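In what follows, chain A forms one complex with chain B and a second complex with chain C.
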Partner chain A sequence: MKKWVKVILLIGLSVPILTACWNQKELTDLAFVMALGIDKGEDDLYHVSFQLVNPGNVSSGQNGGGQGLPIAVYKSTGRTMTEAARNATKKVSRRLYYAHTNVVVISEEVARERTQFLNLLDSFARDPEFRTTTEILIARGASAEEIVTTLTILDKLPVSKITKEIKSTEAMLGENFSITIDDLIDGIVGSGKEPVLNGYQLIGMKEEANKAVNLQKTTTDAFLAADGLAVFKDGALIDWIESKKSRGVLWVLDKAKSTSITLKWKGKKNALVFAPIRSKTKVSTILKHGKPVINIKIENEGWLSEANTAIDLIDPKTIGKIEKLTEKAIKKEVQISVKEAKRLKCDIFGFGDVVHKENPDLWKKLERDWNNYFADLEVNVKVDSYLRREGVRTNPFWSDINK
Partner chain B sequence: MEKAKVSAFQMFVLIVLFEMGSAILLGLGSQAKQDAWIAILFGLGGGVIVFFIYYRLYMYYPDLPLTSYLQKIVGKWPGRFIGFLYIVYFMYQASRILRDFGELLATTIYNNTPLFVINTLMIVTIIYAMHKGFEVLARVGEIFFGIIYLTAILGMLLIVFSGLIHLENLKPILENGLKPVIKTFLRETITFPYGEMIVFTMVLPFFNDKKKVKIVCLGGMILAGINITITTIVNIAVLGVGLFHRATFPLLSTVGRIQIADFIERLDVLFMLYLIIAGFFKIAIYFYAAVAGAADIFQIKNQRKLGFPIGLIVLFGSITIASNIAEFIQEGSMIVPFYLSWPFQIIIPFILLIIAFLRNRKKKTSPA
Partner chain C sequence: MSILSKMLKNKQKKRQDDNYRQKQDPQKPEDSPILRDYQENISHLKEEVGNSSDVKVREFKIGAHKGALVYVDGLANMISVADYILETLMEAEVPDETIDIFQFMLDKTMALGSVETITNWNQVFDTVFSGDTVIFLQGYNKAISGETKGWEKRAVSEPSTQLSIRGPKDAFTETLRTNTALIRRRIKSPNLRVDAMKIGIVSQTDIAIMYIKGIANEKIVGEVKERLERINIDSIQGSGYIEQLIEDQSWTTFPTTYHSERPDVVTSHLLEGRVAIVVDGTPFTVTVPALFIQFFQAPDDYYSRFDISTGIRMLRILSFLIAVIGPSVYIAATTFHQEMIPTTMAIAIASQRENVPFPAFVEALIMEVTFEILREAGLRLPRAVGQAVSIVGALVIGQAAVQAGFVSPVMVIVVSITAIANFSTPVFAMAIAARLIRFVLMGLATMLGFYGIMLGLMFMTIHLCSLRSFGIPYMMPLAPFNIHNQQDAFVRFPFWAMKNRPMFISKGNMKRSGENQKPGPPKQTENPSQKGEEE
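And then the complex of A and B:
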């Protein structure tokens, strides 16, 4: 009898503990913040746009989603991120939940001002709910709010469009690459490497971007696109590296996987296209007359994706020549980017880190004035390209029509 | 003293779990920057030497725990006094680890739950384990050892396959020479976690196979040491030195980086699982040592009675030792190593060993 009392008492006592609902949050009480857009107002406050997902309208499958829009954007202001987030609760019925925030868009205006920009970052890094794998973007030629409010057509959630798009450009083109908050902060803190961030543009009729009508057309009136790399120095945006010149940055940072390299063949422009499938970059440094010299070695292999001229592709010697041309082209791309970075006196490649790792004693002397030193640094580029395959044709049809 | 028998494997498992415990969670040796792993290996070397002090003492008195042979070595009352200090030390350590554990849960997932509630739940479980005796604790250890290893291997594989490891982050090795490494070694890594093997002097008499004590303990320490070193290397390789230094819990940040195929991500739960298991064993062993020591010194027949009172002290201690996390960390890095770890883990045992050596030599040289 006494034993039963004990057992029941024990079960009764453990009930409130085992439910584990000290601060439970029902799914229906949460508002998932997918993206944040941060602008600067004239009042010196942060104007933050919260892109919230509207769960009922996103679900796909047999029943299809709901009729409404997949996202809703709320705005609020504050002197700090936390203040803005708390102010937003006046407008949103649900608790803002940041664990699924994948994208933070910062306007160019904010990024250009050191303190304003840096004041944002700690809140993202410190909050345990926020994931450090979050992508950070700079809104280029548009306000962050415009970027965050834009609807997209293929992916219902604009955020997944952005993150997937960056990944696919990184993989297929190599002009933008995934950059997270941790990368950014590491770049700002360390003196051997300055950070870059992806720029994002809203192309087309901006006023149409946030309307459902925009999605009724096959060519949407306004759409989002990655554009250029924002270069940061001393914790503030100083300039842009345009898309054309940014590929070399990815080559050096060993982020480039694939891209297309258009080559000239015997006077004919756009005659051949080389598409690398894998690439490996090694950056090393040696001392020459007491000065560090950077050696970049890029090795890639790929296939020929186009041949728009009469060319004898069966001959291994031709292949060798194409390889040489590719090497030259890639080398040029890298040199353009290096030149661009030198012009900005901003070591976005992390050459300083390489010197630091290889030669710590020398680094101590150079560390303080590294970016100026970088501007006159000798950088050698060596590229080894291997053309392995030519697709499913041997000689192109051009070889026959010109006979 | 409790009559318990523990097999070699169980003891090995307990040592590994205990040593890895909270050391893996915190940024151990982060003062030495990218050379933290070297400091940890040094610590392991130093810890092994220190362990031999405990081992010699054990060889002199294989059937007695620390608190009992203290009385044999320095006399009844002085021995009891020092033994009492040890009990307080064990209780303090148990409180510290309980706080560590609660603080981590409170900052990461239970943001709104009071620390007191988290700690209470943990200590209640530990008191219950104590109540069931050391053998039960050892058997539970066997089960959880497997789980921990599975999560660890899984986590490691995921990190490797996420392509997160950049070993070049470890360079330059010994940038500022050996000095910072040695400093970290003396201040931190020798005493935490390796010097903490002192707790096991309280439970070594339970060992059923006296011949294997040395190999089991050393094996456990070395395995744990290697695991901690690998974890540290991975942390630095994934996070980079700057973040490794800045992160409150580097391993948590590392695990948070895992992202495979867009759906294997946000695996903080692996970390939490490890944390709760390892935290449990570390606190439980310290706690057990405190209870067993108190029972021994105050000659209480049924040591189970001491579970609740000492548990309460540990619980309140864990709340009151510091009013915020900065104070707590400051205490741990400035006060604990010099005023607690060094004296209790190294200096006192060393003096004891010398006295024991002299006494036992006397016995041998002047046979009755």
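And then the complex of A and C:
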């Protein structure tokens, strides 16, 4: 019996020590913050928009849903993130809950100012509720508030539209890719790689974006779309890489999985489309005359998704030729991106990290002025493409038309 | 092994100190010898049993000798009494008046399978109340008892609680002899021992202890007998009485003895070296020692192939876990760890809970208690009204409560899954343990979240590991881990790989099967003549 008393006492006493995150909170007392929008006001305060979910209007169960709007946005201001969040409690009846925050949108204005931008990040990384896997975006051509207040039609929750959209772009097109708060902080801290963030646009009639009317049309008046990559240097946004040029960045970062590459064939434009299905990029460095040289090797394989010309696909030589053309096209894309980065003097590819890993002594010398050094770096690109399949048809109907 | 023998020794020492053997029915008359005068015997009998109308006395004459036979109406088979005792007795021709008429009757007139000579009154009452017929003869201070047992009994029918798809369809009945016969019919070995015992000072219930000599651990058999002898109670109304009086540990919700109404289950337990206790008057036979994992083994595990039975056994263990922690995980996840739920699901649950007036724990408690009430009511109600309960229950739990907004639909799902999971435990005694623990864990989850659930499960595990069944650790093949006994724990090995009987439970003859039992395609024989035929 004495033993039991001891055991129960021990457990009882350990309860106050083990307090981590177990304050009880009922689901109905929580306001799920789905997205945060951070703008800069004229008063030098953060203007934070909290996108809260209205659960009753999201799920369509027996209790009936979908009458009202799925989200509600509350705004608040503060000198710091925490202050803004605490100020918001004056307006929101429930406890703000960040564990399900999927997206943080930061306005371009804030991102361009180093201290203001960096002051935000620690609160995201430190809060136990907040996930460091949260997607972080830059509002492009719109305020963060506008992005956060926009209603979307297919996904009831705008955040799930954004996160899903970025993932599907990453998988199918390769112009944007998922970047989390963790990735961002890693990039800011490390000297061998500068971070990039996805840009997000609000296209169309901005004033209609946050109204229910926007959802009652098949072509919505305003919609959200990813657009370009924001390039950061020394903890502040310096410039954008446009969508067309951003695919090369993803090739180098080994993020591109699938995309479409349009090829010219015997003078006919847009004749062939090569769609890679898997791709692997290796970046390595060698020393040449005491200087580091970067070698990028991309290997991918895919299938021919279109052939709009008379072409003999049964001939292995043709396949070889298509492969060559693809390699050329990809190489060009990568070179354009590298040129763009060099112009910005900003190593977004992490070449510095490669040099650091393979030649630490040399890196010590170069580290301080790496971004300038990067601008004149010799970068070689080698692409190996393999055309494995031609879909469910061999020769296109074009081959029969001209006979 | 040493743990076991130590345990048993300690128990034995304790026992020797008790003077538990003084078990006497205070109302029972002192044992006295049978008298020579049969008239006096009859009047003594009548004095003892009073005017009990079912005790019948029939006087007779054989030759010149007078006598009387006594039997209990309803227990004795009237046809046996009339045809094989009275008829032969009346038609018998006594050759000489001087012969020993007692011996003559034993030899010539009792056309019965079992006839005994008894000398004192306790034996008289024992035999008469077991359905036998006792014959007193003038001038002899002993009596003849002939077996005429034959009362109304239920026929062997299908088991009602432990069902199986491919297994045999017979089940034990309330008659001890039928039950032992059902087992004996399955093990035709002279080593199958059936030791008889009577327990219950007033009820004098017959009990048979069955085991296979050479396979069962003698120490355990001895321990079982000793614990049974220790029982000092007025009556035994079912095997549950016995179970509770011979357990190692009373303060537990987990059953440490196994009971079954299936002769095939009991037989296989006997073959694993366990001891069976068959109790008269109940169709449930107790087998000991019982281990935790045993309660997840269903008879069909052995009748279907090993891969299927392994999968299903895993499923049963999983469903036991669901039955234990189901509602508490719901409570913990929705009140402490909302971050653990995927976003869309969290919102879905939140939207359902939006209008529920109770906190999650109260909601869960209402539903769980309602369900338990329904289950209990369904069990107790007369069959004719039973359907009404299920209709009301389905409406109350399933629909009305949700529509009224008292509970959320998720809670209904959680309660239903928990309830269904609970039903899949093959043995009711284990299923009911899960029901009790569930409520404790719900309370812990409300106070401490997942931490509380883990705390509860840890306590449960520690408790389980501390249990013993007849000296055998309850969690046996798992803790202490024993590689040899894994063949029938989580995974049911194919029979050709299940070579050994469980350790400690069985002792001596450990081998179950011979070598090379694995079946396969016919061996390729190089027979030129056969080849020729094929061509």
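Just so it is clear, the second predicted complex is superposed on the first by the 376 of 403 C-alpha atoms of A that agree within 3 Å, B and C clash if a C-alpha of one lies under 4 Å from a C-alpha of the other, contacts with A are read in each partner's own complex, and residues count from 1 in each chain.
Everything below uses one rule, namely that a contact is a pair of C-beta atoms (placed from the backbone, for glycine too) under 8 Å apart; a residue touches a chain by one contact, two chains touch by 3 or more.
Keep in mind the model is a prediction, meaning the values are calculated, not measured.
A count of residues in chain A touched by chain B and by chain C gives the higher number to C. In the superposition on chain A, A:99 makes contact with both chain B and chain C. Contacts of A:357 after superposition on the shared chain: chain B is touched, whereas chain C is not. In the superposition on chain A, A:273 makes contact with neither chain B nor chain C. Contacts of A:132 after superposition on the shared chain: chain B is touched, whereas chain C is not. Once the two complexes are overlaid on the shared chain, A:189 sits against chain B while remaining clear of chain C. By the touch criterion defined above, A:55 reaches chain C but does not reach chain B.
Judged by the touch definition given at the top, the superposed model places A:72 against neither chain B nor chain C.
In the superposition on chain A, contact is made by A:26 with chain C only, not with chain B. For the contact definition in use here, the residues of chain A common to its chain B contact set and its chain C contact set are 22, 99, 129, 131.
Those residues of chain B that touch chain A in the complex are listed here as 107-113, 117, 121, 168, 171-172, 175, 239-240, 242-243, 253, 256-257, 259, 265-266. Residues of chain A touching chain B in their complex: 17, 22-23, 99, 128-129, 131-133, 182, 185-186, 189-190, 356-360.
Of all residues in chain A, those touching chain C in their complex are 11, 15, 18, 21-22, 24-28, 30, 32, 34, 53, 55-59, 61-63, 65, 97, 99-100, 102, 129, 131, 157, 160. Only residues 334-336, 338-339, 343-344, 346-356, 359-360, 402-403, 405, 409, 446, 448-449, 451, 455 of chain C touch chain A when the two sit together in their complex.
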